[in-house]
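Working notes for the structure below.
Just so it is clear, A, B, C and D label the chains in written order, and each chain counts residues from 1 on its own.
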Amino acid sequence: MKIGFIGVGLMGGPMAHNLLKAGYELKVFDLVPALLKPLIQDGAIAVDNARLAIEGVDCLITMLPASEHVLSLYLDEEALLEHIDPKTLVIDCSTIAPDVTKIVAGAAAKQGITMLDAPVSGGTKGAKDGTLTFIVGGSAAGFEAAQPVLSAMGKNILHAGDHGAGQMAKICNNMLLAIHMAGTAEAIQLGVNNGLDPKVLSDIMVQSSGRNWSLELYNPYPGVMEAVPASKAYQGGFKVNLMVKDLGLSQQAALLSCSSTPLGALARNLFNLHAAQGSEKLDFSSIQQFYKPK
Amino acid sequence: MKIGFIGVGLMGGPMAHNLLKAGYELKVFDLVPALLKPLIQDGAIAVDNARLAIEGVDCLITMLPASEHVLSLYLDEEALLEHIDPKTLVIDCSTIAPDVTKIVAGAAAKQGITMLDAPVSGGTKGAKDGTLTFIVGGSAAGFEAAQPVLSAMGKNILHAGDHGAGQMAKICNNMLLAIHMAGTAEAIQLGVNNGLDPKVLSDIMVQSSGRNWSLELYNPYPGVMEAVPASKAYQGGFKVNLMVKDLGLSQQAALLSCSSTPLGALARNLFNLHAAQGSEKLDFSSIQQFYKPK
Amino acid sequence: MKIGFIGVGLMGGPMAHNLLKAGYELKVFDLVPALLKPLIQDGAIAVDNARLAIEGVDCLITMLPASEHVLSLYLDEEALLEHIDPKTLVIDCSTIAPDVTKIVAGAAAKQGITMLDAPVSGGTKGAKDGTLTFIVGGSAAGFEAAQPVLSAMGKNILHAGDHGAGQMAKICNNMLLAIHMAGTAEAIQLGVNNGLDPKVLSDIMVQSSGRNWSLELYNPYPGVMEAVPASKAYQGGFKVNLMVKDLGLSQQAALLSCSSTPLGALARNLFNLHAAQGSEKLDFSSIQQFYKPK
Amino acid sequence: MKIGFIGVGLMGGPMAHNLLKAGYELKVFDLVPALLKPLIQDGAIAVDNARLAIEGVDCLITMLPASEHVLSLYLDEEALLEHIDPKTLVIDCSTIAPDVTKIVAGAAAKQGITMLDAPVSGGTKGAKDGTLTFIVGGSAAGFEAAQPVLSAMGKNILHAGDHGAGQMAKICNNMLLAIHMAGTAEAIQLGVNNGLDPKVLSDIMVQSSGRNWSLELYNPYPGVMEAVPASKAYQGGFKVNLMVKDLGLSQQAALLSCSSTPLGALARNLFNLHAAQGSEKLDFSSIQQFYKPK
């Protein structure tokens, strides 16, 4: 089975490596040619433009930064959808606005092309280790067909519903993540400001109803947990500006659907204020610093 | 070992029963005499006023509604601290303001009395089943001494630190709980408003970084989980007005310590608005209804 | 001078009447033909489609509900810009997203057409009385040229800057209006809940630093001021769902420009929650009811 | 008429000077003796302790930093109420918690003493110029009696209601002030981030429904207005930490009265976060900097 892969940066790069490891033939393209070199060494065929990446492949995977790149590639400037063989399974792993996903997937459907949205969670570490979670939107048949390919790059392959549902579920998840991460930071700082030990308090809450993923696996207070970004000066991990982007997508979706998300909206603003203070490249658990008296 | 127990309502009642079951001799008092009857049937000795409840006991346990009752009992009107034998171990299980706890415990210390704050979590069900969590503030020696008694009523006995630390840790925990419960309701409603199935979305988030206690054990969306309040018209459980009280304590503590808790403050207001719309007696996961378009 | 006018609903209708009164010849079009009748009686010429409304006119005015209608009319379905004589001055009075305004005005400029965005404030009353405020974006020359026409419909004609600046300034203004209206309601309710008289409190604040447009001219508490919506069961005025729309535009602009608007985001959510409880057709000062214990 | 004056710091000092200017005989006391010197030069009699300040006076005025000082002076340590001649009119100008005011005024009433709460607005400039606003709580008779004295120090003397109503009205006002100041900063920054000129935008909003005291008299954006703190590096004016204190009082009152103040609570947290970043001594309009991308 031959796969075309467009967008081989921080996430797409290691994902493509895992496909090569799993024995797939790969045609790869990126606007930054330097990114292609390590993949060529591992056996991928590098091509010079997006259109060459779709020739003769059974599956196309794209991993792009934002909605505008996906629109541009599939519909506008590159208009790839007009050139893709309808038998090609198209999987867009970018995290973008669900309504943009629906537009692109709708256009694909008109050409008889099966398209899936399959945004990932798990970060660069998950991409390298092949332990990503894929949250997939699209038909049941498409979801079935994508299993082998996605399994080569991830551990959990979850079906959220029809086109755009993968994006939507990821956005909901990341909004909730931002809320409990900031909430966890707030609760710990409140305790510390009142004389509690952050580790003792974290241990108590993790055994109580305050328990959540941030508290249990990603404690934002420096020194409470080893090997998390908080104990490494907030280096690595999931950057603040990426969380701001995902929170923006959730607020965009809330506006379009007349939904009320007061905590989500506040979380977006807290992370955005934190980013604007110069923290956009730190791990998102650095929101702890935002709460800390200077 | 003889125990005095003051305040045998919804929580204190079943807690006292469990002490009787464990073989302790009990003197019980409550301002509402009717509450004493079932305990008398199980072997407790009912007394006519608070002062009689402390005569000849090795341990005194109190379970009162709010800060003012604790102040009144120990310091002001009843001035119990002036009459307690210094050898008596005093355990206040009420959930009250940490600064009030410190005042009372400080006054106790002046009389040579060992006092602990030991607020509980686990609700009426935990009180009945003897599976409460006690979050304890006070000396290490006091914490040791209280183990057998508390173990007769609960499963987890956690030491948070010095006087008031038990209250403070509980307040932090419940603020975080309120944040992730409301955040979970918001995220699910956002998904539902965009066409996702609440059960599918919940399943995806519980396997992802959005995971938290509310999502995993107490899903607020009707029909997603069996046997939780959301699937029983939000009856039973932890009532909205009690959550509003605990959130008030967290905000009080934030004001006194100059802490910033934007999400906690917003959560307090959301639950308070929800309560003011007539929902104060529903389970707190009914915040889901607050987000639902009517 | 001949004017084409497209969109003669609640706002556009009375605006067109005022142009007729001022002596302008008018060609009018609306998708709802019934709206055209009263204008025909006053001397307007009704036409059957949008393209006829631009024939032989010196100026085109459009007043449409939302971004998608403006896009559709000027660029997509009707593609009016391809047919407008470059000498025609085009004024869009719709309140829409600034980035959409820029797209349309940019396309107009390519055709050599002078276009202005001129969203209004003042509501249906201002439209009838000819006392609207126009907040105008576009070139200084265009702004000059539009003065006579806009003066026939409004009292204040303000120049905010280049294309889109009119929309942007209106959005900022209405976000601030929503914040101080909700803030005023909150402050008065806090006072009332603590025993203050709403009129006495309002009088004190209007003489102090709490003073703002909502408090001074549009008091949201029933009975404090005569002749405002609050004293007429919140009928008439500026409806909640229109405020929710404008707050949505402000949040959209905040997301696109990476701006932090925590209070604006919260205000949008409070008005949206209020609307979802069945108040979308009430005047926006009914947010007072949202704060009132039931 | 003889007046005792306790607390002659930044606010109390100039207020006492104005009383001297108006011809009143003054006995003054402060825990910081150095503060008494300039008043002695102007004819005041300095005394060595609080109790001497109440001897033989017709009126006592106190201007203290916070609730605990007022409690300590009148009820606890100094227990001044036990020594004040019932014919003395007692006016507390401190800004403190309304419930503390009620406790003290209640105790005064038991001694037959007429007491008023009369917190001020207008800042140190208003104190010097004798243009303060007094927001007064207490009986109508007391309010009448206090007119001449208060008029010597201020311009507006407003009666808010019974004991504590002065405090409550001031708290409501300052909460609303904080909301529209932060809201104004947010709206201007949103406009600036989208290319608007801050002065043009401010001018438009001040002529529109966004108008408010902050925008009109105290524009927070540097350079828009002359002679305001924003154009003097946020020096002088009303300091951030004092606004945080007043917002704390409003939140305290909201908690005690089960009121919902989501915008007020958020404003308190925004100003507190701003203070914690090292801005507590800047004028409160410096909240503009909090919104500005760095």
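Just so we're on the same page, a contact is a pair of C-beta atoms (placed from the backbone, for glycine too) under 8 Å apart; a residue touches a chain by one contact, two chains touch by 3 or more.
In UniProt terms the chains read A, B, C, D = 3-hydroxyisobutyrate dehydrogenase.
Being a predicted model, the structure only gives us computed values, none of them experimental.
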item	value
Neighbouring chains shared between subunit A and subunit D, ordered by label	B, C
Per Cα centroids, the chain farthest from subunit B	C
Pair joined by more contacting C-beta pairs (B-C or C-D)	C-D
Centroid distance [mean C-alpha coordinates] between subunit D and subunit C, Å	39
Centre-of-Cα separation between subunit C and subunit B, whole angstrom	50
Multi-partner residues of subunit D (at least 2 other chains)	258-262, 266, 270, 273, 276, 291, 293
Interfacial residue positions of subunit B with respect to subunit D in the complex	244, 248, 251-252, 255, 258-262, 265-266, 268-270, 272-273, 275-276
Interface residues, subunit B side, partner subunit A - complex	98, 121, 133, 135, 156, 158-162, 164-165, 168-169, 171-177, 179-180, 182-184, 186-191, 193-197, 200-201, 203-205, 207-215, 250, 253-254, 257-264, 266-267, 270, 291, 293
Complex contact set, residues of subunit C against subunit B	262, 266, 273, 276-278, 290-294
